[in-house]
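The same subunit A turns up in both complexes below, where it pairs with subunit B and then with subunit C.
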Partner chain A sequence: MIEISNFSFTYRESADPVVRDINLTIPDGAFVGITGAAGSGKSTLTYAMNGIIPHCYPGDFYGSVNVCGLDTVECDLTEISRRVGSVCQDIDSQMVSSIVEDEMLYGLENFGVAHEEIEARVAEALDAMGIADLRDRTIDSLSGGQKQKVALAAIVALRPEVLVLDEPTAELDPASSVAVYELLRRYAREHGTTVVIVEQKIALLCDYADLLVVIDDGRIRFADRPENVLEHADELLAIGVNCPRSTTLCHDLKAAGLYEGAVCKNVNDAVAMAEQVLALASSEEGGAR
Partner chain B sequence: MTGFLEYVPGNSLLHRMNPVAKLFCALLISVACFCTSNLIFLACVLIFDFALAAHCKMTRQAMGLAKAVTIFSLILAVIQLLTNSTGMVLVPLPWGYIGTGGVIGAVTIILRLVAAAVPLFLVMYVTKMTDLANSVVKVLHVPYKYAFTFTSTVHFIPVFMNDMAGIMEAQTARGVQFDQGSIVKKIRLMVPLCIPLLVSSVRKTNSAAIAAEVRGFNLRTRESGYKQYPFATLDVVSLVICVCILVVAILLGVLL
Partner chain C sequence: MIEFSHVSASYDGELAVLRDVSFRIEDGSFVAFVGTNGAGKSTTMRLINGLLKPTEGQVLIDGTPTTELKTSELAQRVGFLFQNPDRQICNNTVREEMMFGFKALGKESPEAEVRADEIMAAFGLNPDDDPFLLNRGTRQLLALASIIVLQPPVVVLDEPTTGLDFRECTKVMEIIRRLHERGTTVVMVCHDMEVVADYAESIIVMSAGRVLAQGPTYELLRDRVLTQEASLVAPQMVALSLALGSQHPQLANTAVGQANTLSEMERALGLEIAEGGEPR
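Our next item is the complex of A and B:
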């Protein structure tokens, strides 16, 4: 459970708050997507959830952030990190080792996981991310996407209660992005993990997230189920968030008076919608004759 | 293509040795090289070094390193040549002469530095940096903070070199001519680029520190390491051999 109430944060070097008046409750086991235009405060919000704010970046912290029953201001970062696993945006500087296996071991060793359990955890996490074959490779020899999977596996191996991921698919091609989301969803369901993902690819979030949070200029604009958020396509566009193409098509058809159903969030919905519209059109045509 | 101090995978005797034993052996050999000026001994150590390098298939890297060290030690050798006026007169100079003593001194310096440097570098190439750090923490009780500082430094060298290459490419694309003019001109063009490099490296080290901290850096103790580094017969034998080499060097230094 993550509870953020009246949270605002101003970095020491800036005059205005980067995020303000944030009120958000994330239930256990939820799959939450955060999106918004560049510079809207998405990363800052994740830093608040994994304790990096206020422990690593100084600034003015208002309100309260409570993660897994821990007040992030009162607990130290290590205590929070036991419960919350984070993967930041800059993958290269997150790697502490030169070999994938050592990278996997690092967190497990530090958090004192029993040595007899470590091997199974490493193998499980590597399998979960589909990178068991990379185990003995050097990190330098990996592609950007492979590095992101390694970083994810290294965190997943720690079995955190909450996963906070800042653009985990930024360097992945579309197919691998879907694969990573698929893996994350499966893993989260099996372990009851809460997942919070910052993501620009809104189509992915609409498919996977239970809760879609849209941030605009440091404030939460929408926080609802994806299909409800997508109702507001025009507003989303105005704040720099693109809708999936199927949603755009749906709104166009609605505007033309050809369709009046639920909003589409993915291709399957769009296919259903298209069939409905075509069926209606052909029956009208038949009626006209 | 392998980078600076980057682990080269293999299964040679050297690869299998205990990291701490390797480090000690290399240090013993290096110290031995500085304990005597016996040319034959130094030549033998050099041959031994290259035999080891050949054994772990790293002759090419060892040759490259030897070349680099030779060029560096040439400066010292020239000073030795010009200032050490002993032995038979070979070339008269205004302030003395280049004598056989100077020549021997110069050769000794080059041999000594190369013979001392090669084993240390071999250790870096045949040992994973994390293994070296973990074993030093586990066996020698070095605080983890220092071991981590060292591994991060080595880890970041190629990252920063990539950054610098990236910045230079970006500048080249904007018309800066790094490929023309004298070396002084090139360096003058490169100096301003140190600022973006510095900024990006401070950012990177900061996020690296955060990443380490959220993965329990502060909890790590000597017992944390999963891998064990026991001493095997091979390690003991190697250490004995290296101690013998050092003893021989000291005896040669005292007796001759």
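Our next item is the complex of A and C:
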């Protein structure tokens, strides 16, 4: 469980807090999406969860952040990183090796995973990310998307209790992004892992997240099931968060009195909505125009 | 005009990243390259700007092979926006960054200063800011601005919206749209299919180092065999239209079954919206 209470943080070089009055409880095994405009405080919130704040970034820390029973201020970063695996936004700053296999081994060896267990962990994580063929490649020769998959595989191999991922699919193509989310969901369910993802691709978050957190100007604006958050399309747009097109279509049809059902969060929902709208139209106006 | 004629390319001289690629991009067009990671899109961009030379075939810019053009000559014809703006920005102030291209080409002049001022104002950039203290979206805008200021006839953009939030993405893409409207050829790599569909007139679909298809954006995005082969995810309104058309064959040839955009779908579903209504 992650429990954040009355948390505010001001970086040493800033005058104002970047996040303020954050109260958020994330149950074990939850799949949580965090979104918001650039500079809204998303990454700062993840730094609080993986201990980078306060251990790497000094500043004024108010409130408390408790992750897997650890008070992140009281315990050291090594202790937190055994429980919390992170993939940062700038993937190049995460890579420490020149060969993919070495990158995979780095964390496992440093965490003292038994030698006989390492090969199976490496193979499983590479397979899970669909990059077994990249094992002997140099990191330099990989595309941005391939590097992101390597970084994810290296973290997943450590089997953390919590995964904190800052825009893990930013450089991935749409099909690979879906594949990564599928993998993360399956992995999380099998291992009971809590997943926290910062993401701009709201359509993806809406399909996978149990809890969608929207941050605006350092404060939590919404923290609810995605379909409930999407009810507030106009407010989201005003704070720089776009809804999936299916959701916009749904709201526009609702506003025109053509549809009264649940909000759509993806194309499948929109198909059901259109069928309902067309059935109404067919009885009143003789079918789709 | 940009023309690839039977181009193959490799980074290490052994593993072919592109194989026998041929296409032509006419002046004034807005083309997006789409395909999965590793399909060869970024490699194709590097061949256009001469950072990479073909191992076989020819890359022709206005009829001249890139192998015969100096980097400075190529840079004046093709402006290149890297995927990561930090690979591009190398000066201590926004103004210096904006003037860097002129300086490198030996073309500093009062007119150049004026043009830089105009573009900084249009982009909302502060000339005295330190580029490395700006946020990612603003750095991306600066990298784009410092290319546009040189007025190249062609701009090549490698994922110009990656890492940007919705507002920043819209801002960058609207600037690119206006650039295209004023006659600049725009060549872009982009994974966001909503952005591709909203802005690109045509697409070139790549897979495993080859070109699978080139044609009008929506025509190709509605081709299910093609999108499956290239692992493309169609934009939501196209996906909705195709799903409704296939699940209800009587809809396939109606406005619903043919809708590509939000406004077309809304109109098809009975919503009255203004002509030329843009998706929100």
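As a working rule, the second predicted complex is superposed on the first by the 284 of 289 C-alpha atoms of A that agree within 3 Å, B and C clash if a C-alpha of one lies under 4 Å from a C-alpha of the other, contacts with A are read in each partner's own complex, and residues count from 1 in each chain.
Keep in mind that, in the parts below, a residue touches a chain if its C-beta (ideal position, glycine included) is under 8 Å from a C-beta of that chain, and two chains touch if they have at least 3 such contacts.
None of the values given here were measured: they were computed from a predicted structure.
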Overlay done on subunit A, so just call it for subunit B and subunit C: clash or fit.
clash
Output check: A:244 vs subunit B and subunit C. Expected answer is one of first, second, both, neither. What do you get?
second
For A:78, select first, second, both or neither according to whether it touches subunit B, subunit C, the two together, or no partner.
first
Could you look at A:108 and tell me whether it touches subunit B, subunit C, both or neither (first, second, both, neither)?
first
Which partner does A:253 contact after superposing on A: first (subunit B), second (subunit C), both, neither?
second
If you tally the residues of subunit A touched by each partner, is the higher count for subunit B or for subunit C?
C
Contacts for A:175 in the overlay, against subunit B (first) and subunit C (second): which applies, first, second, both or neither?
second
The shared contact residues of subunit A with subunit B and subunit C are none
Considering the complex alone, what residue numbers of subunit A touch subunit B?
50-52, 56, 77-78, 81-82, 85-86, 88, 90, 92-99, 102, 105-112, 115, 118, 136, 138, 140, 154-155, 158
Across the complex, what residues on subunit C touch subunit A?
11-12, 35-38, 42, 83-84, 135-137, 159, 162-168, 191-194, 231-233, 235-237, 239-240, 243-244, 247-248, 250-251, 254-256, 262, 265-266, 268-273, 279-280
Interfacial residue positions of subunit B with respect to subunit A in the complex
3, 6-7, 9, 128-130, 148, 151-152, 155, 158-159, 203-220, 224-227
The residues of subunit A that touch subunit C in their complex are 36-39, 89, 141, 143-146, 167, 170-176, 178, 200, 203, 237, 240-242, 244-246, 248-249, 252-253, 256, 258, 266-267, 270-271, 274-275, 277-278, 281, 285, 287-289
